[in-house]
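A single structure is presented below for examination.
Chain nomenclature is as follows: A, B, C and D, assigned in order of appearance, with residue numbering initiated at 1 for each chain independently.
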Amino acid sequence: MTTIDNQTLVKWRREFHRYPETGWGEFVTTAKLIETLEAMGHRVLTGTQVINPGFVRGRNPGVVEKARLAAKAQGVSDALLARIGEYTGCAVVFDTGRPGPTVALRFDIDCVSVQETALAEHVPNQQGFGSTNPGYMHACGHDGHAAIGLGVARWLMENQDPPLRGIVKLIFQPAEEGVRGARPIAESGILDDVDYFACGHLGCDIPSGVVVAAPERYLSTLKMDLRFKGKAAHAGMEPHAGKNALLAACNATVQIMSLPTHGEGMTRVNVGVLKAGEGRNVIPSFAEMQIEVRGENEKINNYMTEEALRRAHGVAQSFDVELETEVMGEAVDFVPDEEMTAYVTEVARALPAVKEVRRTMNFNGSDDATLLIKRVQAHGGKAAYFVIGSDIKAGHHQAEFDIDESQLFTGFAIFTGLLKRLSA
Amino acid sequence: MTTIDNQTLVKWRREFHRYPETGWGEFVTTAKLIETLEAMGHRVLTGTQVINPGFVRGRNPGVVEKARLAAKAQGVSDALLARIGEYTGCAVVFDTGRPGPTVALRFDIDCVSVQETALAEHVPNQQGFGSTNPGYMHACGHDGHAAIGLGVARWLMENQDPPLRGIVKLIFQPAEEGVRGARPIAESGILDDVDYFACGHLGCDIPSGVVVAAPERYLSTLKMDLRFKGKAAHAGMEPHAGKNALLAACNATVQIMSLPTHGEGMTRVNVGVLKAGEGRNVIPSFAEMQIEVRGENEKINNYMTEEALRRAHGVAQSFDVELETEVMGEAVDFVPDEEMTAYVTEVARALPAVKEVRRTMNFNGSDDATLLIKRVQAHGGKAAYFVIGSDIKAGHHQAEFDIDESQLFTGFAIFTGLLKRLSA
Amino acid sequence: MTTIDNQTLVKWRREFHRYPETGWGEFVTTAKLIETLEAMGHRVLTGTQVINPGFVRGRNPGVVEKARLAAKAQGVSDALLARIGEYTGCAVVFDTGRPGPTVALRFDIDCVSVQETALAEHVPNQQGFGSTNPGYMHACGHDGHAAIGLGVARWLMENQDPPLRGIVKLIFQPAEEGVRGARPIAESGILDDVDYFACGHLGCDIPSGVVVAAPERYLSTLKMDLRFKGKAAHAGMEPHAGKNALLAACNATVQIMSLPTHGEGMTRVNVGVLKAGEGRNVIPSFAEMQIEVRGENEKINNYMTEEALRRAHGVAQSFDVELETEVMGEAVDFVPDEEMTAYVTEVARALPAVKEVRRTMNFNGSDDATLLIKRVQAHGGKAAYFVIGSDIKAGHHQAEFDIDESQLFTGFAIFTGLLKRLSA
Amino acid sequence: MTTIDNQTLVKWRREFHRYPETGWGEFVTTAKLIETLEAMGHRVLTGTQVINPGFVRGRNPGVVEKARLAAKAQGVSDALLARIGEYTGCAVVFDTGRPGPTVALRFDIDCVSVQETALAEHVPNQQGFGSTNPGYMHACGHDGHAAIGLGVARWLMENQDPPLRGIVKLIFQPAEEGVRGARPIAESGILDDVDYFACGHLGCDIPSGVVVAAPERYLSTLKMDLRFKGKAAHAGMEPHAGKNALLAACNATVQIMSLPTHGEGMTRVNVGVLKAGEGRNVIPSFAEMQIEVRGENEKINNYMTEEALRRAHGVAQSFDVELETEVMGEAVDFVPDEEMTAYVTEVARALPAVKEVRRTMNFNGSDDATLLIKRVQAHGGKAAYFVIGSDIKAGHHQAEFDIDESQLFTGFAIFTGLLKRLSA
């Protein structure tokens, strides 16, 4: 018997929702996780115990520092901040003491840079748990994921009959948005003894009451920043003396956005952010672009990456400007393991709240859990990534996004059901 | 006899240099001017006495508010801030009490958004008067212009023999950068009784010891902001559902930068600043561009304006995004008056520090003093815009820019020489 | 028993190969078909008996006239040319006189605008049947399709035991390249009584000995010509006076080639041909573009069409040029009928020359046979489109393309096998 | 006394107008010139006597061959064609036998690729001398120039009193359009003993009765062809396998058309012709562009050339396509010699038909006579290029262009007046 009910999960979820933090800046969130998990009696790994710094990407020191200061202002103790150190996120290693498999579950904890809607009818506003961190919002359901993770953690402590065997690891991953946090976790080695790995996602346009056991088409992706450096000049007096980085960036955008599709599978490309130029009457000397490419598999993704870079470098030559490129995040595709798919299906079917279990769907997006899965599968482990349907009010990453909280327990029940199946 | 010497001008110039402020945010600068001018005994007009609010352009309320708060922190009194009100800049009206012409002189007072160099050998750093306002710098010599204006103001009070006649107006104009401040001054009516108008500019790639009496090719110009509004969507899951404002802006840039030249005269076009997009994996829903066009005359400038807007609107249609346009500043071309050119030439030639007086040069830039001149010439007044050579360390608007301070007195001497010639 | 062997098919195929003709200009080809079919004793329908002129697209009168004159020079009689009239292609209606189903088979007959390789080792050159029509080549296997069609026609006349029942229609379709010829055939009504429809394609990167029964992913497509009309002007003297149609077309290309992909399925877009401008020193007054879009289904294809046109119209506005658009061809996707797929599989498996029958493959291209299929399926008819593997020397539409002639008989045997299965 | 009157000039002009030929293809025109000049008794130099083949540019062998065949069909004898050989144009060297200066006059003879208007009210149509060479038209007045040259030639033979001294050379230059023909004439050495050089142009938006003695702003220019070579692929099946030369060319166009203007003077750039792509559904493997740049002087023109090439090469890198570049023509700026300007002014003022002689105007175009002038000035010779006003019906190079024939005699009179002044 567990003391976890949906109300408990809702309470946690709303606490996370109230103070959303973006990738690598989840200090308040991590502190809350550590305190709650330790209060349950768990041993919690933090910082470089979970994160290999050599593979950290897309981490903006200014953003991190600001988040740390804000966390302090929110009352996070210096001791906790010291424990977290440079890298947010944490993990629980629950050793049953009995021989058995090692199972890892992953819950991501970061938010997105979206200003939550001010609409009165938006439930978080109605119920008073709207974001208090301006410009940030849990608009992708990770608040729910973290809450489910806490639920599973308490269940581990409470579960007696039949007792679990082996080891259970709960990974609370930072910086999933931008697919940044998984690689350094994978490279920390924490998954290298894992036999079974599972994670899930709320929403994804699947209605409440439906579970998708093994979505397909997780896109391989690479996130890159491009920075063009040119030379400023007065646009009226000597336009010829400048090297126009803004115009270079616009041409790079135009060229990159016209990358051909691929005969062997799906592709995506986006220039999501562009900032350039110092003033209206100055030939712009710098431009910064945030781009991403995706492909149905690694080969196609590599093709897209090469072609995007080729075009960017060609444009740099055209406009005689310098180009710096930096990888900011990455994820891969994967093939779900039949064994795990069968377990998820079986567990989900047994739940009264689940009306339908679908075999698959097109995910059509990226999640860097795939890098964790790749690490697990590399040594023969089995993995599942399922979708927990949840009626949403607006698309993911939109200001009016909201999950159906009644499905938090469904998620909790699938994870614990899997543990009962795998570790009992 | 005047008590003004170059040392006094240098002192003032360095005070202005130490705390540079951008257009419409010159609260510290304006406060200093008012206090200094009133200490001399002048009557000073401020705020809407000088500025017609209906024609204020390119004024960002956020920037203004921040500058006002900073001014308060710098010790500007509430009383002075209240007197300045919403609009910076000020003017002196010096009435001799004797019948005679009305002469107006204009001095601009704002800085540019450039971070001053940290190089030790940069004179402002050596001498300890480098900018203390991070991100802002007097990199166009307006600190010198303001200092010269103060010098002329004191000279007016001191000058006795022969006594001046008529009225002298000293206009301390805000927001020349971006050609924003002149239009509302012109529309205030303060120049409508002016018989003679003069202003000058330090530097302009003319060496110390040289004066150019009547530069040509002041370009007509229009400054515009373009804002595209599209629709965000997840770039992986539903790229087709977005309306890509960033891509629209890049295409607008590409189209606008390829505006044809004009068979009847010089043109310029620049997209100086572009900011777009909310995140790497989101189809960007907004984009903001700061652009400017210039033409050798108003007809050509109007042609460039129309064509730029035509392209922007076409792009908005192409990408099904909304387009907002806002005029942010403007200037015109003008023909210098022979009479005034002759006076400037005569006065400058008489100065020992002036080795050469050149008739003309290509200005190839814009200054909204032209709108003041247009207003004066419209009722038959005569105008001059001269260049006071000053060896500069780097081009205008560059981080290493610095004027040759020894030429401040040359500027002062030309202005006072003109007053002696016109008003005595 | 049939007198048709592979040698006969090869002979016919080589005759067609020797004189390739592009869409709507297949006068020699059609004449040869008519003569050969009538010599066998068939009744042959021609011109508007097969083609509904109201739906003819992508037919260039100049090209047609040139082809007709060339046909005359090749010895095609005036009588035959008169019978063909304005529209190439023909059809056989073979009525067994016995009640039974109506079966239609389709063979396309046109070539592509590719100059055949001059390489000595190219089999058509070795064997002396290389293209004698400069600039044109059967580089897509339609010469083989037509030969197979003739084989089936003769077999119809020879087949006795068991005698066929019902009606067999053989459609020799013009202008498949550019997906132009099927729509007017569909609209002629000739298929409106058809119970079973089949067609096939040689090659498609499937090796000899393999048959694919029911390829998927026939892309919906629309072919369009875009014509921009601007205004010429001397590029040196009055560049501002022109309206630059070439620059408009380049911007339209850049915009159209960056159409987003679609979350619900595959897309394609191509600007295949662009011609613009009257002279180096003239602002170009015209530009012509040949474009195509494709989508995994009609909805996506319509989306692509709308977006491409939206961008073209936006560009026309941007550059103040006129835009004419013309639909030049079209095809749709389709779902193969299980019943027909089963027949094809069964028939192909029975052939000794067929080593493997694959269920499906991704076609990833377009064929306007889909419009014929759509017409047949609309009234409940069943359809199949299979691929006859044939080792090819180079990709379709390339100068070194060549089919493996040994597979002509395989194609013939599948079609006649189907007739025996369906009509016996 | 001369027998030349305007009627004679009109007759010749109309003969040239009736059969226009483009650069390097002026076989009929050159034949007519040779025959007429030799009938007058002149010694005529042809082919490589006038043209240095090593500097011939922008000569398309196919076009030349077609023109030669057409000339034969027009009745030009094999003997004359043999004499012309590979290079059109010719020159007269008229040696007075008396010591004196060498004076060279230049007349250009080629037409433009414009289809003459079919409008009935167009004078050439009214009077029955419209172009009989479809697609070609004397729409720049060179028919008039050639006629004036013949007039001067006859006048040389007739003139007795006072007798001329020295040598007079009449250069009938081919291929002025595209600024191709002058360089190889200059490099032939024919001008290396010339003391005075003059040429003129009819029209140029100057009204009948006005002569401009020394236009300014002849733009330096470079004409280039760019050819991109990529790789074809099926646009539906394997779009990723192509290397898109058309898209490269469009991006090159977009980039080249946005070359910055130059702070030191006027610039022009044009992509006048673009042809690309083999078929609608093929990733285009080739693209050809005809471009030109111009600058107010050689420095600026070289800047434009370098920047245009830099962008083209950058684009080639971006799209992984090959780039070939070829110089097709060139011209420079020049400074008219005061001495010659004075002679032109004096001579023109003396003509009753000339109402006004203007000192200068902005030419704003290019003429490769500047390369001849540069050659003459290089050894100290003096040169003039004047404009003979002529009311035109439409701009140069337009289908409705027509000169005011009454001004042919004005041109003739200026040239002969100059000879009387310089050589008498």
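Quick note on the criterion: a contact is a pair of C-beta atoms (placed from the backbone, for glycine too) under 8 Å apart; a residue touches a chain by one contact, two chains touch by 3 or more.
Remember, predicted model here, so these are calculated numbers, not experimental data.
Novice: Counting C-beta pairs in contact, does C-D beat B-C or the other way around?
Specialist: Taking the two pairs in turn, the one with more contacts turns out to be C-D.
Novice: From chain C, which chain is the farthest off, judged by mean CA positions?
Specialist: B
Novice: CA centre of chain C versus CA centre of chain D: separation in Å?
Specialist: It comes to 48 Å between the two C-alpha centres.
Novice: Report the inter-centroid distance (CA atoms only) between chain B and chain C in whole Å.
Specialist: Each chain reduced to its C-alpha mean, chain B and chain C end up 67 Å apart.
Novice: Among the residues of chain C, which are close enough to touch at least two other chains?
Specialist: Residues 237-239, 241, 247, 251, 254, 257-258, 261, 263, 268, 283, 364 of chain C touch two or more partner chains.
Novice: What residues of chain A sit close enough to touch chain C in their complex?
Specialist: Of all residues in chain A, those touching chain C are 254, 257-258, 261, 263, 266-268, 364.
Novice: Help me check something: in the complex, which residues belonging to chain D touch chain C?
Specialist: Going through chain D, the ones touching chain C are 112-114, 177-178, 205, 219, 221, 223, 232-239, 246-247, 249-251, 253-254, 257, 268, 270-284, 287, 290-292, 294, 328, 364-366, 395-398.
Novice: If we count contacts the way the header does, which residues on chain A are in touch with chain D in the complex?
Specialist: That would be residues 237-242, 244, 247, 251, 254-255, 258, 260-264, 283, 303, 310-311, 313-320 of chain A.
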